[in-house]
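Here it is, the structure in full.
Just so it is clear, A, B, C, D and E label the chains in written order, and each chain counts residues from 1 on its own.
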Amino acid sequence: MWLGKVVGTVVAPTKNDTLIGSKLLIVQPLNLDGMNTISLQVAVDTVGAGNGETVLVLTGSSARRIMQNEDSAVDAAIVGIVEHIELEGISKSQYWVNKV
Amino acid sequence: MWLGKVVGTVVAPTKNDTLIGSKLLIVQPLNLDGMNTISLQVAVDTVGAGNGETVLVLTGSSARRIMQNEDSAVDAAIVGIVEHIELEGISKSQYWVNKV
Amino acid sequence: MWLGKVVGTVVAPTKNDTLIGSKLLIVQPLNLDGMNTISLQVAVDTVGAGNGETVLVLTGSSARRIMQNEDSAVDAAIVGIVEHIELEGISKSQYWVNKV
Amino acid sequence: MWLGKVVGTVVAPTKNDTLIGSKLLIVQPLNLDGMNTISLQVAVDTVGAGNGETVLVLTGSSARRIMQNEDSAVDAAIVGIVEHIELEGISKSQYWVNKV
Amino acid sequence: MWLGKVVGTVVAPTKNDTLIGSKLLIVQPLNLDGMNTISLQVAVDTVGAGNGETVLVLTGSSARRIMQNEDSAVDAAIVGIVEHIELEGISKSQYWVNKV
């Protein structure tokens, strides 16, 4: 799993049937310095995450298997909302939330 | 899943039998600054996507499983056409479409 | 598998049911020069690892399959605590532990 | 799948039994500027590809499943020989073949 | 699969039961210029590889499936010892062996 910040939403009227009704969120991977701008990942929300929240993203076949339909067009799912993280004793969640 | 822009088409007369009749599109991953030139990914179109469109790409075994033939030579599939995305309240789809 | 150093803990009260009771550790990938700051990976601890330790991280479907529940929301698991590593005859574990 | 150029051959007399008789080709990933020197990937040829050709590479469990033996030691397979690609209307195959 | 050079050994007394008795080798990915220092990968040896050798590394679920125990904590396995590689007609194995 990796840590990311929800930065947006995808609106895609034309999509695979198994994605109809899913909330498709754009999640930016985080590193120790804050945001990592390498790529824009999209994950299906399964825990009620919202914009600006730090989340835990599950990938690959494990993400597909937690969906109710085993043949879902899903390879990434948000499976946790991070309240805070402790990095060698220091909480950085506030740092990230404020920085971007 | 990741967001990308369709930038081209692959013509490959010699290919695995399960790919005959498939539309093989070249998709460039996007990041927050626009295009990411790291790599050229190829995905099978399943939603009628065309050149210049921003799309949602599914990868790995999940992409294979949404094909009609479970043993398809597929590890990436376009599963959505992005109408627009909202990044912290600002739609960026127009930005990307015009930039490249 | 890859080598990393445990640098923190994730606190996420809202999460997938299969993760309840799991210890979610943040692991930083290591390279030959020490820490690699590219990304923050999260792995479920299965061997009693703690902060500052160098660990062996298993990824993908293999990580899910070693969990007791085959449908766990897991794609990365700590499967070993590294006592030391020998790089062309020189142990570097002490180097990493002291450096960061 | 990704696009690459065949740049060499691997000779490995000691190898997993399922690889005996396979042609192991070294494929260099391509990007929009030509060659990407990040890594050297090895893929099993399934379509009669040769040195210098631009090919389509399939990865992961999908690559294993197209082999005749379901337990093959394969995670990457060449599944197409690219005649040319069209990038926003311009064919770049000649460019790559001549450049390197 | 990817090409790498064995640069060390991992000693981890506390580990998943399925790894007991396995030789855990540290393999550095190679690129066209020699060593790639991005990351330190660990693979289970299945062919009797040793320090300094150039090897072929298999990843993902394919690596797990070639182990005798289908639920092994393995996502990377050394499946070949490279005698030499031919890059556009020039053997580079000696180059790598001498360089590092």
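Simple rule for what comes next: a contact is a pair of C-beta atoms (placed from the backbone, for glycine too) under 8 Å apart; a residue touches a chain by one contact, two chains touch by 3 or more.
Everything numeric in this text was worked out from a predicted model, so none of it was measured.
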Quick one: report the Å distance separating chain C from chain D, using the average Cα coordinate of each chain.
32
Chain D-chain E separation of Cα centroids, rounded to whole Å
20
Could you pull out the residues of chain B that touch at least 2 other chains?
60-61, 63
Which category does the touching pattern between chains fall into here: line, ring, star, complete, or other?
ring
If contacts are counted as defined earlier, which sequence of chains do you get going round the ring from chain D via chain E?
D, E, C, A, B
Taking the touch rule as given, give the residues of chain A at its contact with chain C in the complex, in rising order.
1-3, 29-33, 36, 46-48, 56, 58-63, 65-66, 77, 79-88
Which bits of chain B are touching chain D when the two form their complex?
7-16, 18-19, 24, 26, 28, 37-43, 51-52, 60-61, 63-64, 71-76
